[in-house]
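Note that the chains take the letters A, B, C and D in the order they are written out, and that residue 1 is the start of every chain.
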Amino acid sequence: MSDALPPLAPELQVSRWYNTAQPITLRSLRGRVVLLHAFQMLCPACISHGLPQARRVHELFPREQVVVIGLHTVFEHHAVMGPDALAALIHEYRWPFPIGIDMPGSDGDGVPRTMRELALQGTPSALLLDRGGRVRLHHFGATDDMALGAMIGQLLAEAPTAALAASDMAKSRAGDHSVRADCDGGGCVAR
Amino acid sequence: MSDALPPLAPELQVSRWYNTAQPITLRSLRGRVVLLHAFQMLCPACISHGLPQARRVHELFPREQVVVIGLHTVFEHHAVMGPDALAALIHEYRWPFPIGIDMPGSDGDGVPRTMRELALQGTPSALLLDRGGRVRLHHFGATDDMALGAMIGQLLAEAPTAALAASDMAKSRAGDHSVRADCDGGGCVAR
Amino acid sequence: MSDALPPLAPELQVSRWYNTAQPITLRSLRGRVVLLHAFQMLCPACISHGLPQARRVHELFPREQVVVIGLHTVFEHHAVMGPDALAALIHEYRWPFPIGIDMPGSDGDGVPRTMRELALQGTPSALLLDRGGRVRLHHFGATDDMALGAMIGQLLAEAPTAALAASDMAKSRAGDHSVRADCDGGGCVAR
Amino acid sequence: MSDALPPLAPELQVSRWYNTAQPITLRSLRGRVVLLHAFQMLCPACISHGLPQARRVHELFPREQVVVIGLHTVFEHHAVMGPDALAALIHEYRWPFPIGIDMPGSDGDGVPRTMRELALQGTPSALLLDRGGRVRLHHFGATDDMALGAMIGQLLAEAPTAALAASDMAKSRAGDHSVRADCDGGGCVAR
């Protein structure tokens, strides 16, 4: 790892929020650890693994320490994954954490804006931001609960201005335990 | 059990088929056992349990003996569970068996026609038809694999004109092992 | 399949019974379907898969139709899998069905008698006997619940003197869905 | 939490070691995080949950940071859970981490010594020691992977002399997500 600080996460660009009375900015969450879960409602690994895992994080840690945000990053099948379809999904599955719709890209039909700025490869993707808003995990595909828990634990133990080296070990290992997404490459990897 | 035969399943009323070159009629399947799996694409227990179980049945038994048919019986959220949304779901999950869209009811927005004629309570529902086309299992909610396998095995052992008593035991017990659907009553039970 | 009948299962040779007031003979069970589950208490796949599946069979089907019997076929680590150790296992796991200890072979330290007469390859092994006492499934390794349920269902549908062809299909397919035993070959395969 | 430091773990009292060329002392592990997993080989929740979880910890984290030690704390069925029986278990399940047999108590037949000094309630029990050898988690029953991972992550982020407050949150919450042990109270709780 270089001496450079990890990058600050760019601000969310969200066209509509669910499960929150107010729009949420990453800036307002400084001081807390943030799990940003990027998903698509028709992505099988998101439904079977990513969103349930996000729910477990939401339930395990105190809200004033760890915040979970879902980000609906639609880059395919746009016509059938619109706001009303997402609302029905959230209702049926009772996802309890705030979920935002990533704002469409300028072409209106490709990769949405936050997804592009975060350089996500596809869905599901999990990003962990430290208390200072910096991206400390950037992972495409599924991560196992123990590895994700370990990284959150390390970030919780840091002061907002802490040296960042402590989490590097877990970060470098998280990928070793990834579960292959069971959707096909053409389906859930952003081109 | 009375001396009366179980009822013949009414014919499917399907507006569009997927995964089959030709429309399918129950009549054409006489001589085989049929698993009819009624689902909605936004019903959590259908996605997590019912459809994967239907896939296992499809893979376990020879096609010339057991046929699996999915029936998309939309009775809620009609606007976001249309033909294109279903097509995207089938594509992403790679459901391999024929799936038909149950024809909308006369009011256009309530319980669809086959669902009404079959008197289904909601989704997921599993129906087993014997080689003679008669309804031998009619189950709302999840059934465990062993109980479903036992019923299919009993139906396979019958000649098309066999006496029907043999499967009654398993039929009466299948309900004991139901898993509660994890969607809420208001969501997946047809009113 | 030839025209020859499947073989009658040889009688159990058991040195001690648990969970039954009376010794059990296969002959006394004619008229019922019998699942004979051969296991060793230190065989990982027996503990994680075979015995829990035997419990599910025991719980799903009526006792007057299907009988589950466990057979402790110790062919290794004899010194630490004796009657008292087995008693403690049964107590801790609360296995609810009758379990017998297979009688030691003449050499006292190798493959036990019933195991040898049944020509079992190792543990776990599942045998299904039809109502006439004939061996209709003889499977080493794990079988999935749906395939096992289908075979039991077919055997239940037969009269004791029924033609046997009906179950051949499921029998021939059960092996396709075997789960690899997670103990090593040297550990749980009888030499 | 009081201002008092958590207690130093008492040294292990082990009569025989497996999977290690040298006896292991907790003192020699200072500087690393230690997961001490207390189990009995006939305790169902140990076999199905605790030991597999210990294996996952062993595989996820680098050995120079996190050390996993199994401790066979036999307090019942002593006659059938001796050293040879344990050796056979370790061989069959291929548990990869060091395992020690807790030294019998002075009465020879009750709660063993380390278990008594650690005041364990029963099996499975998980203890986490920080880099300074202090007991930071002391949990009877199953813990979920995410909660355990979070605690390990927090301990990894601490310097050996760090203030201890950081992990209190996760510690206090781990219990909320315990899985009930599936053995009976009389079986696996030490009296």
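We take it that a residue touches a chain if its C-beta (ideal position, glycine included) is under 8 Å from a C-beta of that chain, and two chains touch if they have at least 3 such contacts.
Because the structure is predicted, anything quoted here is derived from the model rather than measured.
Q: If you tally contacting C-beta pairs, which pair wins, A-D or A-B?
A: Of the two interfaces, A-D and A-B, more C-beta pairs touch across A-D.
Q: Between chain A and chain C, what is the gap in Å from one C-alpha centre to the other?
A: Chain A and chain C have C-alpha centres separated by 48 Å.
Q: Once you find the CA centre of chain A and the CA centre of chain D, what distance in Å lies between them?
A: 33
Q: Averaged over CA atoms, how far is the centre of chain A from the centre of chain B? Could you give it in whole Å?
A: 36
Q: Among the residues of chain B, pick out those that touch two or more other chains and give their numbers.
A: none
Q: Edges wherever two chains touch, nodes for the chains themselves; is that graph a line, a ring, a star, complete, or other here?
A: Chain contacts: single closed ring, each chain with exactly two partners.
Q: Hey, which residues of chain C end up touching chain B in the complex?
A: 56-57, 60-62, 65, 144-158, 166-167, 169-170, 173, 177
Q: Per the contact definition, I'd like the list of chain C residues that touch chain D in the complex.
A: Listed in rising order, the residues of chain C that touch chain D are 42-44, 47-48, 77, 79-82, 84-85, 88-89, 91-94, 183-184, 187-188.
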